[in-house]
Structure formats: structure tokens, C-alpha cells
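Supplied in C-alpha cells, the structure appears directly below.
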Amino acid sequence: MDLGIKGRWAILSGSSRGLGWACAQSIAREGANVVINGRTSADVDEAVAQLTSLYRVEARGVVGDSAMASVQDELMSACPEPDIVLLNGQGPSPKAFLDIESEDWDSAVRQALTGPLALLQRVVPGMRDRGFGRIVAVSSAMVKSPNSLMSLSHGTRLGLTGVLKGLSKDLAKYNVTVNQLLPERFDTARQEQMAHVAMKILGITYEEARAQQIASIKAGRLGRPEEFGDAFAFLCAAQAGYISGQNLQLDGGSYEGVF
Amino acid sequence: MDLGIKGRWAILSGSSRGLGWACAQSIAREGANVVINGRTSADVDEAVAQLTSLYRVEARGVVGDSAMASVQDELMSACPEPDIVLLNGQGPSPKAFLDIESEDWDSAVRQALTGPLALLQRVVPGMRDRGFGRIVAVSSAMVKSPNSLMSLSHGTRLGLTGVLKGLSKDLAKYNVTVNQLLPERFDTARQEQMAHVAMKILGITYEEARAQQIASIKAGRLGRPEEFGDAFAFLCAAQAGYISGQNLQLDGGSYEGVF
Amino acid sequence: MDLGIKGRWAILSGSSRGLGWACAQSIAREGANVVINGRTSADVDEAVAQLTSLYRVEARGVVGDSAMASVQDELMSACPEPDIVLLNGQGPSPKAFLDIESEDWDSAVRQALTGPLALLQRVVPGMRDRGFGRIVAVSSAMVKSPNSLMSLSHGTRLGLTGVLKGLSKDLAKYNVTVNQLLPERFDTARQEQMAHVAMKILGITYEEARAQQIASIKAGRLGRPEEFGDAFAFLCAAQAGYISGQNLQLDGGSYEGVF
Amino acid sequence: MDLGIKGRWAILSGSSRGLGWACAQSIAREGANVVINGRTSADVDEAVAQLTSLYRVEARGVVGDSAMASVQDELMSACPEPDIVLLNGQGPSPKAFLDIESEDWDSAVRQALTGPLALLQRVVPGMRDRGFGRIVAVSSAMVKSPNSLMSLSHGTRLGLTGVLKGLSKDLAKYNVTVNQLLPERFDTARQEQMAHVAMKILGITYEEARAQQIASIKAGRLGRPEEFGDAFAFLCAAQAGYISGQNLQLDGGSYEGVF
């Protein structure tokens, strides 16, 4: 299937590893040029090198926390007219509701709500003017099925979900779509990290923690990052311009609710 | 993007025209063999001929109402081991709630609920045994945003939505996914028909009726059938096995609700 | 709290036992006159006798299946101008999806979808003309969280949910509200019956079956029928005229989804 | 209907005027003692005086912004063991998405997300220990139906919605319920203010602005604050302990979505 994005430019925050990296690979394979972003220059450089060696695309790298204004400056310098934007960032660690402190909220809000929205304020006017835009945020299954241990995550990501939905209504007529992907348990470093959290909290072995992760998924397996990347690529396609304001769950069929 | 469905077999109910026909084209282009189904042999024959001339796939035709047991017998004979099933059928005409009669319900229930489910009862055991299945139903935006004039439509399609969701939970572990596509105003004969209904009910011209359709869509245009077909193709992809129980709206960003 | 329904008349289908009976008691206590309906005259007569002895209200009884036209004739004769209507009926038994037969659907559709809607077609015009109506359906938690074993239940009740939502939009301006209550595990004969089903299917004792029911509820207990009745009474209140199209879950906080 | 809350104590943030004041009146009428909170001592004093003269309850007043730690200290001093907590605060003004600044978010997050949650962290342990709690937040219809002009509102209130849902799951077993009320256009000073915003933005008269507000509501009227107050009172009732994690819309039947 030709996705019609050859030669498009993408700013991909949080794309040097994990799900973001899978997204980068999927659209580079389809011919899109990308700006890779991550916390360390080693990761970013390697990602850029891999993409340019594997695919006939341009790739640039920006190191740093994409929620920061200075890093957003660099992202925009690297790609002043993005057609595609991926909003992705590290989620907060689990924390019991009663233990959450004011600083935890400050950090989570900046990472998951105000940082990403500030980036959108920079890119939306141009997308609107140019008549093409594909904005996709990596959210979490938690936003539809909250668990109090992850309050910092869904407490901010649900806010983002709402703002993006409102925005999607305004932008549809400019062929600018805004969607979210809601992953639940993909086989990335994040799940490794969550397994170690579970080992500590529950006093279980690594194998037990991983088995619990799999048992929580109706598909009976973790998701593969490339499955995630290809779903992202599809939402970026030229022919996906009629799909907006959606929250697509990639969770192995695990969500309980009908909608 | 390689969807990994080359050589797969698909039973596509209601696929000789409109959205179903677009679905057929999209997966045939990706190399899937298809059984075309429609109400008239002229349409079915032409669709089969087009597909086999355009793509290197096998195509067979079954004429008749796919909600009928005898037609389902023929569909299963034409393709005893389907990998992909599209549930698609003509929706009922608008009717004021107080005017709906018992026979209207009988017909709508058979077309949109019990007929499609009877077909699934035939195909699910085999998909489960073979470890691959992609079931997609064409539903309607109405199921999330009901309008009493379309009670016959969402009164049955929401029922189907629920049954498919329950089923999706059972089948995820067999790599059998069950999803729905929710179109809102695609440029097909259905919208032509709805425009003529609106002309009668509201006493407006054809042009006004079409303009009203477009005005109801936030994207400011009707959807193109091939956009629908490609979304269907993506949900049928090998790499879409982690996506199940979803109701993907293709509505130009028009749905009001956050979820 | 004065609910402002003293002297109002209510048709309560399925109200001689269980949750329906609790609804009857709650509004009779508030001074509403009621028509009791149930399958056996013994139950209906006793319910009528209890209400008239306990409260200063009129109570009448109609025996029979409220989904039948003849019984609906009697209900309307007993109360030609109802202000309140409760839609309640026995749910179908659990059945594996692949075992469901055409006749199962016929029966479930009549009981849970077309029967209740036929009753509404009788009462809605009068409510609209009189400028007051409170329509409440007893649905099930399953409609938001389907389980394939209960396909006959949510496959029909979700359809009803949709039709009622559409209808609620039309009727709001006449001070006619339409809402649903979604119970999950109340301490009634229904749960006794479900426990016996579980004993057979799972090979467990009665005590284990009951413990499993309680374990499935986040509140750690079954609901009390009078809690259900009072929620119904509140939705019937004069001051509840601004609440319509709602699906209120009474499930001890068990539903996973955010909406 | 006896709500069973006579003698209970309630902390009601934002309760000297508007919807919060209606909530205070409704539960004071049912015999609950209340702590009134508002921005000016004139309002708070008058509210306290009215309640104590009208009902046989104790009422205390705390002046100040309830999102501030110091004001929360005073609220807890005035009522160390609350049985009922109302989370209510002034919503932010409408603002175009591209004009929102970092400081706008800081303020909105504090008012609608972190401030209310900090208050909950103070009251939840006691409610849990005492085995009774009724937490109700006044949210907005926007959380289910976002409009980009109100991004500051739903961008924070949806976050709160998620955190409260997660929390509700943990607290159900302690007879502590957590619910939200979602008002849409009640006849309070807030709608006066919104009318003046509309006059400026749209260049319309006051009468036109008010007519537009009414036209947006399917019930054809604004809600009455006392309707809101009584819905709050019902959720606080002893017999509402099985209702938790709900988002009850009070919107005159206006919400489009089925759930």
C-alpha cells in the first residue's frame, strides 16, 4: 500500500528508542524524511545513521527533552515546515495517589501536557496554511482505563486527549488530522522498567513480572514495536485524511469497554 | 507498506458497490483473493472481472442477500477457509420512531444483527483453528451518536457492536481480530439516496441536500471510498493483529465526543 | 428530599419481584400510584396488596409478559396516561456465542428491544402532549462491558440503549426524560440464578459462586435492591427533568472505563 | 426520600454562589452540616447566615481560594472529619488555542487539577478509616465534548476526571464514592459571564447571546441551580454508596454520544 508520504518531513519527539523509534522506521521506510529526537546523542546519532543507511531519506537529530522550549527551537530549526509530528515522551513512574507531591505534578504536566501542546502551537499554523498535517500522540491505554498508581500519567494524558480532540475539530477542514495511539504493553524498555517496578512492589521474580504483563493482555503476548510503527505510518498516510480525533487502542484486544 | 496478506482469502459481503467495493479493491491490490457478493449478478460479475483483470488474484462471485442462510452456504462453498471477512450490508431507510412497525424491526434485525452473526458462527471456528482471522464490520457513525430517525439502523448496529466487542475478547489470543469501521458520509450511492430522502422530507433541492451533507462534516468534504477501502485493508494486515475490539470512525473528524 | 411525584402514575413492567419491585416501592413511598406487572398473578397480587397497605397510593396489577401487545393493551387500560414508565424484563440466560440459535435471537430481541419500544410508542405521544414524562430502562452493566457469554443480552440491550439515546434528544424539550440504569450484581433472584449457572459451568459450590460474584465487584458486596429503587425514584423526580440520555451505572464502582 | 445524611459534615469548596451554593442548600435541607467556602467574606458570611437560619444545621465559613494550601488548612480545621467533599471552582475563560500561554496553564492546572487533588489527599485517609465518604466534583460537559476555545478547562478537568476514576476503584470497598457532575448551561452568573464573552467575540446583543445559550440545549431551557443541588444531594446519600466512578451529565439531554 502506497501511503503517499514520500518526501514529507516529520518531527518525531522521543524517537530514538522504543515505540518512537519504531514510528521513525515505519515512515522512513515509506520515504518520509525525519527529525529524530532523544535524550542522549549516542542514541540519536545511531538512529539517524541507521535510517540514512537503510532508506533513501534525509534524517536529522536533535538531542534533548522535547518538552523544553530550547529543544523545540532546535526541532523547528531542523525542520521548519513539518508535515507530520509525533508527540511522544517518557511516562512517569507509578506512584501511590497519597504519595504524589506537587513537584511530581509539575514535572508530569510539563512532560505530557504543556510541553507537547507548546510544540503544537509552533507547528499548527504552518500545517493549516499548507493544507496538510498529521499529528499523532502516543498516549496510554490508561487514559480510557485509569489505575490510581498511574495518576500522574492519565491525569495529564487525559487532559492532552481532550485538548487534541477539541483541536481536531478545528483542523479537519485544513486536512490536518490529530489522533492518538493508545498502546498497552509493547515489548520495549518501558515494560522492562515496569517489570522491575513490579518486582519491587510485589516481591516477585522477573519472570513472574513478565508473565503477569502477558497475562494482562487478551492477545496472550506483548505487542511488537513494528506493529505500533506501522499503525502510526497508516495514520500519517495521505489517504488517512478523513480519520481524525480518534484514539486507536493497540492493546491486543484488552480494553473492556465497548467504546 | 507491505500488509502481508498476499494469498489470503476474503469473503466480502456487500462488496459489489460502494464502500464494500472499495474494500475489495484495496485488499485485491495487496494480493488477497476475494469472494465478491452483491444483490445483482451484473454488479457481481463486473466486479469480479475488474479485479481479475487489474490484480493477480483470484476472485469469485456470489449473488444474493448475505444475511440469508442459502447465500451464506454459497459464500462458504466459494471460500471454505476465509482469512478475512467483511460484514457489510445496506442500511435501513430513515423512519420516524413512532412510525416504525414490527416488520421494520424484523427486517433490520436480520440484515444488521442476526444475519451477520450467523455468518460469523460459520467462519470463527476455522479462523481460530488456523490462527489467523480479520473480521471487519461496516457500521455507522450513528452507533456512537444516535438520531431517532435512524433508530432501525443504530438499534441493530449497536447490538452488533456489542456482540463483536464481546467476541473480540475471546478471539484475540488466536490472532483473530474483530473491528468495526464507522463511516459518516462517504461519496457513494448511499449518500445520493439520503439526499433524495432529504429533498422529500425537507422540501429542498438536490444541491441543497448535498451541501447539507458536506456542511455536517468537519472536514468540509465527503469521504472518498478508496480512503475507506485502505483503512479496511490496514485492519486486515498481518501487522494489525494487536488491534482488536476497535470502532474506528472515518467521519472527517466530525464526532463530538472525546471517546 | 421531596421528589415532587406525589399523585403521578407509573407503569412499571417487570415490577413484581427483584429490582423492579424495589423501584415500585421507592416511588410508591414518594406518593406515586403504580401499575405492577409480573408473570404470575400471585406475585402481582401480593405486590399490589403490600403497596396499598404500606403507602397511601393506588396500585393496580397486570399479569403477563409486558413485551406482548395484549399485555401492553392491559397496561394502557390500567393507566391510560402514565407519567412514569419503567422498562424492565428478565434477561436471557448465558449461552456460548457459537451455540446461539436463530430462535434465541427472536426471543431476546422481542423481550429486550422491540417489546419495550412498542410500549414506548404507546406512551410517548401522551407524555409529550402533557409535558411530563420519566422513562427509565433497566439495562445491564454488560452494555458497556460486553462478555460473549451474554451476547443475547447486550446484543439487544445495546440496541435499546441506542434507540433510547436518539429518542431522548427529541423528547428533552417536552420535559420527557429517557434514561437507563445499569446494574451489576444486585442481591436478587437473578444473582441466585447466575450462581447456579456458574456452579454447573465451572463445577464450583454455591458458596464459591457467590464469593466470585462479590469478588467481581469493587465495592466488595452486592448491591441492595432498595439502593436501586431509590436511584430510579431520583431519576423520576420532578427536579430530574434536566437529566436525560444518561446511562447510570450501579455497579459498586466496578466499571473499568473512564466514561 | 430520606437521604440518610442528617448530621454528616461536608466541606464544600466554591459554595458561596452558583452551583456550589445550590449544593450547599440541598444537603443542608437534608440535615448535613456544612463548611461554606468562597472568595469573599461577604458572600461566605451571607451563605452561612442563610443556612443556619433556614435549616437546623451547623454552618461554618472559610474565605479564600480552595486550591491554596493555606485555605485547605482552614477547611480541615473547620471540619477535620468530613463525610462529604464538593470539589468546585471557577472555570477559566475561553481562549483560542494558539493564544494560550504557559501561565494560563499553570493557573488552570492549579485550580482544576492539582489544587482539588491536594484537598482529596487530606480527606481520603479519614474517609477510608471511617468507612464513609462522598466525593463529588463539579466538572463540565466539555470533558466529554471538547471545544478548543475551552482547552484550559477540559485540558485540566479531563485529567481530574481520570484521576478520580482511578481513585474511585480503590475507594469503593471503603464505602467512599467518587463521582462527577457535568453541567451544561445552568442559570448562574457563569452563564451571564459567558454571554458577555460571546457578545464581545461574536458582536451580538445580550439577548442574542442568551438565546444562543438556550438554543444549544436540547431541553430548550437553562438548568435551574436547585436541580443541580438535588442531584448532588442524591449522590451524597447513604443509599448512593453503590454508585461510584460516574460522570452524570446535567445538560438537558444535549450530549450527542451514546455513552
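Order as written gives the chain letters A, B, C and D; numbering starts at 1 within each chain.
We adopt the following convention: a residue touches a chain if its C-beta (ideal position, glycine included) is under 8 Å from a C-beta of that chain, and two chains touch if they have at least 3 such contacts.
It should be emphasised that the depicted structure is a prediction, and the values quoted were computed from it without experimental measurement.
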{"item": "Contact-graph separation of chain A and chain D, given in steps at minimum", "value": "1"}
{"item": "Farthest-lying chain, centroid of Cα atoms versus that of chain C", "value": "A"}
{"item": "C-alpha-based rotation, chain C on chain D, 0 to 180 degrees, nearest 5", "value": "180"}
{"item": "Selected from A-D, C-D or B-C, interface repeating A-B by over half of its contact pairs", "value": "C-D"}
{"item": "Between chain C and chain B, distance of the C-alpha-averaged centres to the nearest whole Å", "value": "33"}
{"item": "Centre-of-Cα separation between chain C and chain A, whole angstrom", "value": "43"}
{"item": "Where chain C touches two or more other chains, by residue", "value": "143-144, 146, 154, 158, 161-162, 165, 169, 255, 258-259"}
{"item": "Touch-based graph of the chains, sorted into line, ring, star, complete or other", "value": "complete"}
{"item": "Complex contacts: residues of chain A adjacent to chain C", "value": "143-146, 154, 158, 255-259"}
{"item": "Residues of chain A defined as touching chain B within the complex", "value": "1, 3, 26, 29-30, 144, 161-162, 165, 168-169, 171-173, 175, 177-178, 217-220, 223-224, 226-227, 230-231, 233-234, 237, 239-255, 258-259"}
{"item": "Touching residues on chain C, where the partner in the complex is chain B", "value": "97-98, 100, 102, 105, 109, 113-114, 117-118, 121, 124-125, 142-143, 146-151, 154-163, 165-167, 169-170, 258-259"}
